[in-house]
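Got a structure here, written out as C-alpha cells. Questions coming.
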Amino acid sequence: MILRIENLTKTFRSRGRRWLGPQTSFTALNDVSLSIGKGESFGLVGESGSGKTTLTRCILGLERITSGRIVFDGTDLTTLPAAEMRRMRARIQIVFQDPYASLNPRMLVHDIIAEPMEIHQDTLGLGARQRSDRVIELLELVGLGAQHLYRYPHEFSGGQRQRIGIARALAVNPEFLILDEPTSALDVSVQAQVLNLLHDLQQKLGLTYLFISHDLGVIRYICDRIALIYRGDIVEEGGVDDIFERPSSDYARMLLAAMPEPDPAKSPFNTEAAG
Amino acid sequence: MAFLDIRDLHLAMRTFEGEAHVLNGINLSVERGEIWGLVGETGCGKSLTGLSISRLVPSPPGRYLRGEIRFAGQDLLATPEDGMRRLRGGHIGMIFQDPTTNLNPAFRIGEQMVDVALHADAVDPAILGLAPGASRRQRRVEARRLAIAMLDKVGVPDAARRIDDYPHQFSGGMRQRVLIAMALIGKPELLIADEPTTALDVSVQAQILRLIHSLVLEYQLAVLLITHNLGVVAQLCTHVAVMYAGNIIESGPVRPVFRNPTHPYTRALMKAVPHATHRRGELQGLPGSVPNLFTPPPGCRLAPRCPVAQPRCAERVPPTIAVSPGHDVACVLATPAGSAAA
Amino acid sequence: MSASATPDARASAVAARRQNWRRAAYRFQQSWLSIVGLAIVVLLFVAAVAGPSLVPYPADIAGGINTATRFEAPSIAHLFGTNELGQDVFTLVIAGARISLLSGVAVVVLGALAGTIVGALAGYYGGWTDEILMRIADLKLTLPSLILAMAVAAALGAGLVNTIIAIALTWWPGYARLVRGEVIAKKEELFVQVAQALGAGTGRILRRHILPNIVSPIIVKMSLDMGFAILTVASLGFIGIGVKPPTPEWGSLLSIARNYMPDYWWTAMFPGLAIFLAVFGFNLLGDGLRDVLDPRARR
Amino acid sequence: MLRFAVRRIVLLVPVIVGLSLLIFAIARLLPGDPVTLAAGPNATQAEIADLAREFGLDQPLPVQYWHYATGLVTGDWGQSIFTRRPVLEDLKAYLPATLELVVVAMVLAIVIGIPAGLLAAVYRDRWPDYVSRVVSLGAISMPRFFLGLLLQLGLAMWLGWLPLGGRFPLTEDPPPFVTGFLTIDSLWAGDPHAFGVALAYLALPAFATCLSPLATITRMMRATTLEVLQQDYVLTERALGLSQRLIIFKYVLKNAMSSTLTVIGLYFGWLLGGTVLVETVFDWPGIGLYATKAIVTQDFMPVMGVTLTIGVLFVAVNLVVDLLYGLLNPKVRYE
C-alpha cells in the first residue's frame, strides 16, 4: 500500500467577520479511512460539499488535519518536520480541474514546467540546460512539442493547458498523482484524449492515481477501485465493477440512477415520446 | 410551418481580429411538446443560436447576414425591439446555466417574479385574469399570488414564506427551480434552456430534468435545451440537433440518431463519451481542434479533422440529406433514405 | 528533438509576443484621449529635463529681478507676460515643471513601494499581521491627509524634500489597501496552491506568482496618482507651506499671483493652467493604461 | 440588522481612542517648538519655562496624553498657545461653516453624479459617454484653489454677480443659530432675504468644492454600473422582458449604488480635510482656515482639535455608509 489514510477527521472552526461574531465549526471529513495500492488507479466519487477537495488539501499538507494519520510509503506525513515534508512533496503531485486557473498567466510554459525542478534542485541536481531538455522531453511525452516552449498559457486551448499541467506534475518524477476532476472542464472529445494520455502515462511510468470526479462514466473508465464520499463520510468502497453492478449503499444506488446514460432507451421519460 | 422555424440563419460577430462567421446557415424547426437538444462542443455556436431567437445578441458586435427566425409565423429578425420585448417572458421563457449569478442578489426572489408577471400580464391580461380596470396594487397582489403558485409548482417548499427570502438563502438546485418558475410565470409557449443543469450536482440535475419534463407535458411547451452533455439529451430530449463550428450537421428524433449516428462527427462524439461497455484504452477522441472561425476551412468545416474526409468535402458546404424520415445529415457520404444503403 | 529546436521555438514565440503588443497598442491608440494624455506627459518630461536650457530668460529662474519689465501683458517677448518682479512667467512655469514632476514621481514611488510591501505582507500572511497593518493603514486614511501633510511640512520646515516626505507619509495607505486586496484574491488562485503543494517558499510564491499578476493595477494607480501628487504638492505651495520662492513652484507662484488679480490675471492664469494640464495629462494616461492593462478587457 | 449595527457601533470606540493616540503622538513627536515661538523673540528662558509649565508641557508624555484624553471627554480640548482661546469654542464657531460647505458640495455631487454616471454607462461609447468622461476627468484634474480663483476672477470681479469671499456680510444680520447652517437657519427663521444672501456667498465656494467629488462619483458610478450591466442576472431580466428603464433604475441602480457608496463615504472625509484650500481662496471661516493659521505657528493644540474632529466625523460618516451598505446588500446583513 503506497498511501494509507487512517481515521482522518478535519473540522473547520469559522469565526464571524468581526471577533464578536458567533463561532461555528463544520466537519468536512469525518473518520475517513482509505488505502491505495502502488500502480493502482483509485477513484474518489463525491458531489460538491462532500469533502473530496479538503481531502486533497490534507494529503498535500496544505491543510492541517484535526486527527488521524496520512501514511505515504510508510511515513506519516502529518507529523513530518517541514524540511522532510518538502522532499516528500516531490513524490506527490497534483493536477487541478480548471485548466485556465491552474497555470500562472504571466509565466512562459518553459518556466511553468521547469519550476518544480528548480524548487527541488537539491534532490534532482539538474543544470539549467538539462532542465530545458527535460522540459522538451516532458512536452513531447504529453503530446505537445518544443514549439510551445516560449508561449504564455492564454495562447493554448483547454485541452492543451491540461497537458501542460500534467507535464508540470511529472517534472520531478513523482510516484503518486492526485487528479482533482482533471477533465470535467473539457469538451467530450478533448476529455477522451486526456484520459487516454493519463492511461498511457500510468502504464509507461507505473504511476499511482487518486482520481477525483463526480462523473461516474469517467470513473468507471479509468479506475480499478473506487470510494464514494458523502458529506465527509466514506459511504462505500470496493472494486469498480462490483459497485457499478451491485451497489450496496442507498447513496450509490441514487447516484447510479441519477447518472444520465447516453442511451434514449434507458431514459425514464422517453418511453412514450415520439421517435 | 413549425411553431419555431429557423431557416438558413447566418450570424457574424465582430471582434478585435475581424469578423467571425459564427452561424453558417442554421435550419431548425421545433413544434410544441417537442424537447430539442442542441448539443455541441465549446464554440460551436449553440448558445448564440439560443440567444438569437430572443434577439439578445447585441449588435454590434453581432450582425445577421441572412436567414429568418419564424416564431408562430412572425419573423423575429424583422421584429422591432419593443415588439421583441412583448414576446420575452410572455411567449419565450429563458433559463441560463449558473444559478448562483442569474438571480439579482439585492432583491427578494418574489420582487423579480412579480415584475415579470406584471410585464406578461400587460401583454396578455389572461395571465392574471383581472378586469382591465384593476388597480396597480390589486395587480401586484395577484401577481404575488401567482408567483407563490409557480414556486409551489416547481417544488420550492414553503413557497409562501420563502418568496420573501434572498437568493443567497437558497441552494444551487433551489435557485434553478426559482429561475424556472420565473421563466414560466408568463406562461410562455417556448422555453430556451442554456445548459440548465451543467452547474448542478448529478443528483440535483436529475430532479431538474424531471421537473422540466413534467412542465413540458403540462404546458405543451416547445423546448430548446442547449447542452454539451449527450446523457442529458438522451434522457430528456425528444429530438436532437448536433452542431459543429456554426452548422447543424445531424438532427432528428433522438432514438434513430443515437442508435445509428451517421455523420462522422456525431459518431466521434458518441465514441468519446466513456460508456459502460468501453474497455480502458478504447476511448477515441477526435484529433486536432475546432477551426478558427475567422478563416473557416472551405466546404465542410470538419474536413481537416474528419477520419473519412474526401477531396470533394472541401469544395462546398455539404447539402443536408434525409437518411430516414426526419433524420437529416449534412455529409457528402450520407445516402438519402430509400436508396441502397452505403 | 533536443534543445537545438529552441531557436525557431523562440522565433515563433517572439512573433506571438509582438502580436500581443500590437493588440495592446491598437486598443491604447483606439481612444485618442490616451494619446492626448501621453503627449502631455511627454511634454512635461521634456520641460522638466531640458526646460532650464530652452527657456528665454534663464536668469529669472535663479530669482533675477528686473523692475523695469513689471506686469507686462503676454506678448511675443514674454509669452505668458511678466510678474510683480518683472520675471518672465513662461520661464518660471517651465522651470516649475521640474519641481512638480520630481516631487510627483518621488511621492508616488515612495508611497507605492512602502504600500506594496505592507499590503503584500498583510495580504499573504493574514491573521494578526493583516489586522495590525490594516488598522494602521485605516487610521492613516481617516486622518485628513492634507492637514497632516501641512503639519508635518510645517514642522520639518519648508523645502522640496520635506514636502515630499510629508505627502509620501500620507500616501502609502492607498497602495497598502490595493495590494492587500489583490494579494488576497491571487493567493486563492490554483496556480499558487500548486506552487505551495510543490513546496515553494513564500519568497518565490510572492516574487514569481503573486507580484507579477498584480503589477497592472499598481501601474494604473501609480499613473493616476501622479496627477494627484502634483496637485497636493501645488496645494501645499499655494498655502505657503511647501516649496518657498525663489524656487519656481506652480503652487507658490499661484499663491503670490492671487494678490494681483484681476488686473494682472496672467500671473495667476498660466501657473494654474500648468497644474491643471499636468494632472489632466496623467489622468488621461492612467485611464488609457487601465483599458490596456485591465486583464478583463484582454481576456 | 440591529445586531449588525450594534456590532459596528461598538467597534467605533477603539477606533476613536486609537485616533486620539495617533494624533497626540504625531503632534507631540514633530520637531519645532511652539512655546518659544509664542513667547516671542526676546523672551527669557524663564518666561518660556513658565509658559511651558502653564500648558503642562513639562510633564512626561504619557501624563500629558492622559490629561489630554480626560480633557477630550470633559470638553476641555486644550487652549491655543497664542490666542489662549479654548480650542472647543473655536471649533464650535468654525465647524458649522466647513460642514455646510462640505454637505452642500456632497449633496450636489451625489444628486448630479449618480444619474450622470448611470447615463454615461447606459449610453456607453456614444457621445454622452465621451463628453462626460472628458469633462469628469477634467474636473478631477482641476485644482480646487485654481478653480476658485477662476470663479472669483470671472463671476465676482469681472461680472460682479457673486460676492468675492467671506460667508456673511457684516452689514446684514445673520439668522438665529439653530443648526449653524446659515442656509437652513434662514429658512427655519422664514427669512428669504437672509437665505438669498447666504446662498450667494455659498455658491462659488460650494461649486469649487463639489466639482472633484462630483466627477469622481460620476466615474465610479459609471464603472460600477458597467460592471453590473455585464452580470448574468441582467441578461436574465432582459430575457424575461423587463423594460430597459425598470432594469436600469431598479435592478441595476441598487447594486451599482452599494459600491459607489463606499467612495461617497471616503470622499466625505477627504473633503472635510480638503476644504482648507477653498477656505483660503474665499476666506471662508471654516476649521480649515483655523487649522492653517495654527499650523503656520506650530500651535499644535488647535491642530489636534481639528484633526480629531475631522477624524471622528470621517469614522462616523463611514459607519453610516457601512450601515447603508448592509441595507443594500442583504448578504452582508446576515453575516
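Note that the chains take the letters A, B, C and D in the order they are written out, and that residue 1 is the start of every chain.
In this text, a contact is a pair of C-beta atoms (placed from the backbone, for glycine too) under 8 Å apart; a residue touches a chain by one contact, two chains touch by 3 or more.
The structure presented is a predicted model; accordingly, all values stated were derived computationally and were not measured.
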item: Each chain counted as touching chain B and chain C at once; value: A, D
item: Most centrally placed chain - per-chain CA mean versus overall CA mean; value: C
item: Chain C and chain D, separation of their C-alpha mean positions in angstrom; value: 24
item: Computed distance of Cα centres, chain D from chain A, in Å; value: 55
item: Mean-CA-position distance for chain B and chain A (Å); value: 33
item: Length of the line joining the C-alpha centres of chain B and chain D, rounded to whole Å; value: 54
item: Sites on chain D touched by chain B in the complex; value: 231-233, 235-243, 246, 251, 254-255, 258, 328-331, 334
item: Residues of chain A defined as touching chain C within the complex; value: 60-62, 85-86, 89-90, 92-94, 96, 98, 101-108, 115-116, 119-120, 129, 132-133, 136, 140, 145-152, 154-155, 168, 172
item: Interfacial residue positions of chain B with respect to chain A in the complex; value: 34-35, 41-42, 172, 201-203, 205-206, 209-210, 213, 228-236, 238-239, 252-256, 258-259, 268-276, 278, 280-281, 283-287, 289, 326
item: Residues on chain A engaged by chain B in the complex (per definition of touch); value: 47-48, 157-159, 187-193, 195-196, 199, 214-218, 220-222, 244, 254-255, 257-270, 273-275
item: Chain D - residues contacting chain C, complex; value: 15, 18-19, 22-23, 26-27, 30-32, 133-134, 137-138, 140-143, 145-146, 149-150, 152-153, 157-158, 266, 269-270, 272-274, 276-277, 280-281, 288, 291-292, 295-296, 298, 300, 303, 306-307, 310-311, 314-315, 318
